[in-house]
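Structures given as structure tokens follow.
In what comes next, chain A is part of two complexes: it sits with chain B in the first one and with chain C in the second one.
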Partner chain A sequence: MTDKRPATDKTERKPPLPKRLKDPYFWIFLIFLLYPTFPYFGRFMSLGTELLIWFIFTLSFNLCLGYAGLPSFGHGAFYGVGTYAAGLVFLHVFQESGFLIPIASGAVIGALFAGVLGFIIRNKKGIYFAMLTVVFTQVLYFICWRWDDVTGGESGLKGIVRTSFLGLDMTDPVIFYYFVFVVFVLAAIVIRRVADSSFGMSLQAIKQNPIRSQYLGYNTGLYRFLVYLISGFFAGLSGALYCFLTQSAFASVLDWTKSGDVVIATLLGGGTVSFYGPIVGTIIFIISQEVISSFWEHWMLLYGLSFVVIILAFPTGLLGMLKKK
Partner chain B sequence: MPLFSIQNLTKRFGSFVAVNNVDLEIPETGILSIIGPNGAGKTTLFNLLTGFFLPDAGRVIFKGQDITGQPPYEIIKHGISRSFQITSLFQEMTVLDNVRIGIQSHLGDKFKLFLNFQENRRVKQEALNILDRVKLVDNRMSLVTAISHGDRKILDLALALTTDPSVLLLDEPMSGLSIQERGKITRLICDDFAKNMKLIIVEHDMDVVFSISDEILVLNQGRVLVRGAPAEISRNQAVQEAYLGGEKCLAEIK
Partner chain C sequence: MPVLILSLTLNGIVLGLVYAAVAIGFSLVIGVSGVINFCHGVMFAFGAYFFWVLKDVIGFWPSVAVVPVLVGCVGLIIERILIRRVYGLDPLFGLLITLCFAISLEEIIRMVFGPAAYSVSAPSFVKGTLIWGDFIYPQYRLFTGAFSSVMIASVWLVIDRTDYGAIVKAGMFDSEMVGALGHNLSILRTSVFILGSAIAGLSGILAAPITGIKSGMGTAILMPSFVIVLMGGLGSIPGTLVGGLIVGLSTSLATLIIPRYVDIIPYLLLGVILLARPRGLFGEQHITE
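Right, the complex of A and B next:
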């Protein structure tokens, strides 16, 4: 209460340097810029690349969960669609011109699928919304699994290769890492601007009080549709990048556990309280998965239990926990 | 032409008829108060007029235009706004941000993907003007959860103002308030709202209702019991029986 007045006009003006140092984005940027030079992690280029891809995915997902409050429990669908779209476009249409167009197609097709689903379920509530997203993902999963002629069925898509791009040799894992890094940096800037925008704040208003929002002129269904479209674009983008990381596409990207993982990673880090919660959560999630699974085959058990404990004790995630202090 | 022309309006919840075949014409000016015992259909009538409920039968005509069945975000475009009996705010935001949400919608900035919410000066200025108007500007940086119930009621009114309405429906603006807070809101209604827009008020505080209204409408069991000037209503025997069980004479209160 006492700091009411001084805090009033803090908005405009660019923040001075020390304030920039407090910005988590700066540190994430720095760490992942230097990642390939780390003596230990340097050998894990594909893990680093996968982390960056996950960041894009969880940030896009958090627009739905954290900002719009939509229980989108089938978000893996748009990631998977992005993977397959990129693979198919590469194999059948634009093989010569490299991976740029296939990756862009992955993002656009991801947005398209998300838009269609988002439009259908835009006015569904709570559990019905969640179930429909899960069902949608399962349907896509089975289509990819069974439609051998197009998706390759069980054996997936093969023959996807990274060639050179702008004269850079993308077969080199470090160079590909930096390509993904650049995409991540751009995607994070865009998603953050959207989150802080008038539109992003409208989403939060609708999440907090949909009825009042309607009485202030907000067409709540339209917003849900639009956020799905935007989120689907970046989810598709991350899926497409993943296609070129693994140089393949398997139905496993559409498995429901993928959709579960992104929810867990986002909640774990505190996506509902902080823009960067999903990134923190993803780092913990992916690294612990790599580490624990390497020495204990029933690692899922440990991981499941720890998740239950964390969500029960700290429903706002790790960043929510830190923020309270 | 009447402002609202309500024809055969009916709303049922299961077997309970909340609003029963109501025909009503509401004139363009003055303060109209709607009173009646609990369950008389007052709030349901508001919800029907503002598109929150779809009526089971009947029509709502506003300035000659049929607005029946339009959702709230269309209704407000006609200049109709409302407040809520149980304050309906954005709980995790500051007072200023609450009002900004309303203003950015009214000024057409709500869809802008890359316009920073906090840096939108035009919206901020308009929001401060509204807060100044309702005397809540000193609390602008407080979270909604940190302000008093009275201030929340005022913020609820401020949100209703952000759509720049020509008709304002107030649903029990005095409920749960202290005498001082009631005075504040009464002044706001009389000195500001009544001069700038048509007011339709549902209220249980009879002192306020009888002192500020130009016209009073009594609802009972989903029907219009009687309608008239405050003096007529306070003398009406049927009203006294329906509203106060005949125990207390409204004329005495007045």
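Right, the complex of A and C next:
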């Protein structure tokens, strides 16, 4: 361990930072552990919770975009499926036993849908891949919009409540925030393990040169399918958490603009150049959305234009820009 | 009942032809430039709104002549300022930037014209209905169907029979090679974009008296275009026409059987077609695959 080095070591002028302090996760976890005590933002617990949920979502999405190079424009589908699955399981099966099983089932159902889609399109490339994911999301959107008996149609799912969990009263927004925080920490660590594993390395190889990877013996279709499955699991998990944050489920979670939002958030921060890009991007995206939408009726104009300009000016995102300097 | 089926079939064909006309431009731009252009739907909306403004000033036929030119100019500006910056990048960039820009353009429409929907009356020479025994059908729809057919046929003739069309088709197969052979790729892409925008604008005029105009009409027509392009095969004009007719007819006739789930039918058909023919009905191996 570097921090046990004797202080008298003269070959090093500045003792290197302890390894843990260099880890961006340490700072991210610390900041969001202290979030409720922040002077201004601390009052908006649901904003903080939404940020954490989006972190899981964008980190998982970046496994597809940044690591495997899959231009998926349908990740909103797995998020939305997770939301509905959690809501339905809660309402019909496990109303009494709290929300842990509904949340887990949201993640599993998300993985299931991602697995099916990923299997079908595992060997499609570029534009075809993107278009098929858009269409898949749209199908799910219409199903949730129209299938009144199950999804509640236009009025959505209601009656979802946060019950107590391990003796903690989850109706308190601060306690629920910390519950989501714990889930986020676990998910973030797992996602980074996946990204840093040999599996993640192989994905990057496939992204850079799929044909050469095939010649090297990689079953590229299998890898693409697996990363889609994993990514869908965490997207479903974040959707399920969102279900209990808003205590409802509406078809709007499956709108294709949602899939656009996750791509924007990931690219803004620099998901293509850094593992931590999605986190930076999500913070900018969610906060700017809140700010822009609060001061002008026609905020969508500014919203669209500003992202056009930012993405054109910094195609590798904020972290990519900082890295270049 | 047979009368109802006949009129639904006709509705479906007319709708399908309008869809196909919009999807042609979308498909050509994807083929030549490799950009999934979400602004394309807004061109459709621009066509309808420009028409709504102009028709009382200069009448129907002059607006039919002027509006595509205006929409084409908008297309030219958008392509020159924005779209050309994403050529050659990951398809996700093009998708995202055109999506964000489409959101802004739609908001501009909402700022200028308000969020309300407007109805547009059909031009006087096709205002009445066609009465044939029990069968009553609005003349304007027949006119729309005929006009769209002529439009699609002329685009097909240009692409299939002229030198320009040959370059466009070659550009869809391998645009870099076309550039290497000495054709100005940049101008080719711009011209295809303008062509697509103008057709979309013209389709907007045709659709306005049938569906009315509202600010969200642009993004609403995008999803059918997606389905049609995938169904018929990327860059194929006959494929786009057949895809459009399938989407139009299936949505129209499905109202008889399962009115609530009409929106899903085209997607299910698309799924079936893609399982049988992964490149769509008329699709060939494409450079983007």
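Quick note on the criterion: the second predicted complex is superposed on the first by the 306 of 325 C-alpha atoms of A that agree within 3 Å, B and C clash if a C-alpha of one lies under 4 Å from a C-alpha of the other, contacts with A are read in each partner's own complex, and residues count from 1 in each chain.
Assume contacts are C-beta pairs under 8 Å (C-beta built on N, C-alpha and C of every residue); 3 or more make two chains touch, one makes a residue touch a chain.
Note that the structure is a prediction, hence the values are computed from the model and not measured.
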A:202 touches, of chain B and chain C: first, second, both or neither? first
Touching partner for A:143 - first (chain B), second (chain C), both, neither: second
Partner chain(s) touched by A:301 [first = chain B, second = chain C, both, neither]: second
Contacts of A:312 with chain B and chain C, given as first, second, both or neither: second
Which superposed partner A:219 touches (first chain B, second chain C, both, neither): first
Which superposed partner A:246 touches (first chain B, second chain C, both, neither): neither
Contacts of A:288 with chain B and chain C, given as first, second, both or neither: neither
Chain A contact footprint on chain C (complex, rising order): 30, 34, 36, 82, 85-86, 89-93, 95-97, 99-108, 110-111, 223, 226-227, 229-230, 234, 260-261, 263-264, 267-268, 270-271, 274, 288-289
Residues of chain A touching chain C in the complex: 65, 69, 71, 73, 124-128, 130-132, 134-135, 138-139, 142-143, 145-146, 148, 257, 260, 263-264, 267, 298, 300-301, 303-305, 307-308, 311-312, 315
Chain A contact footprint on chain B (complex, rising order): 50, 52, 71-73, 76-77, 81-82, 84, 88-93, 97, 100-102, 104-106, 109-121, 123-124, 138-142, 146, 159-160, 162-163
Chain B contact footprint on chain A (complex, rising order): 1, 4-5, 7-8, 11-12, 193-194, 196-202, 204-205, 208-209, 211-220, 226, 230
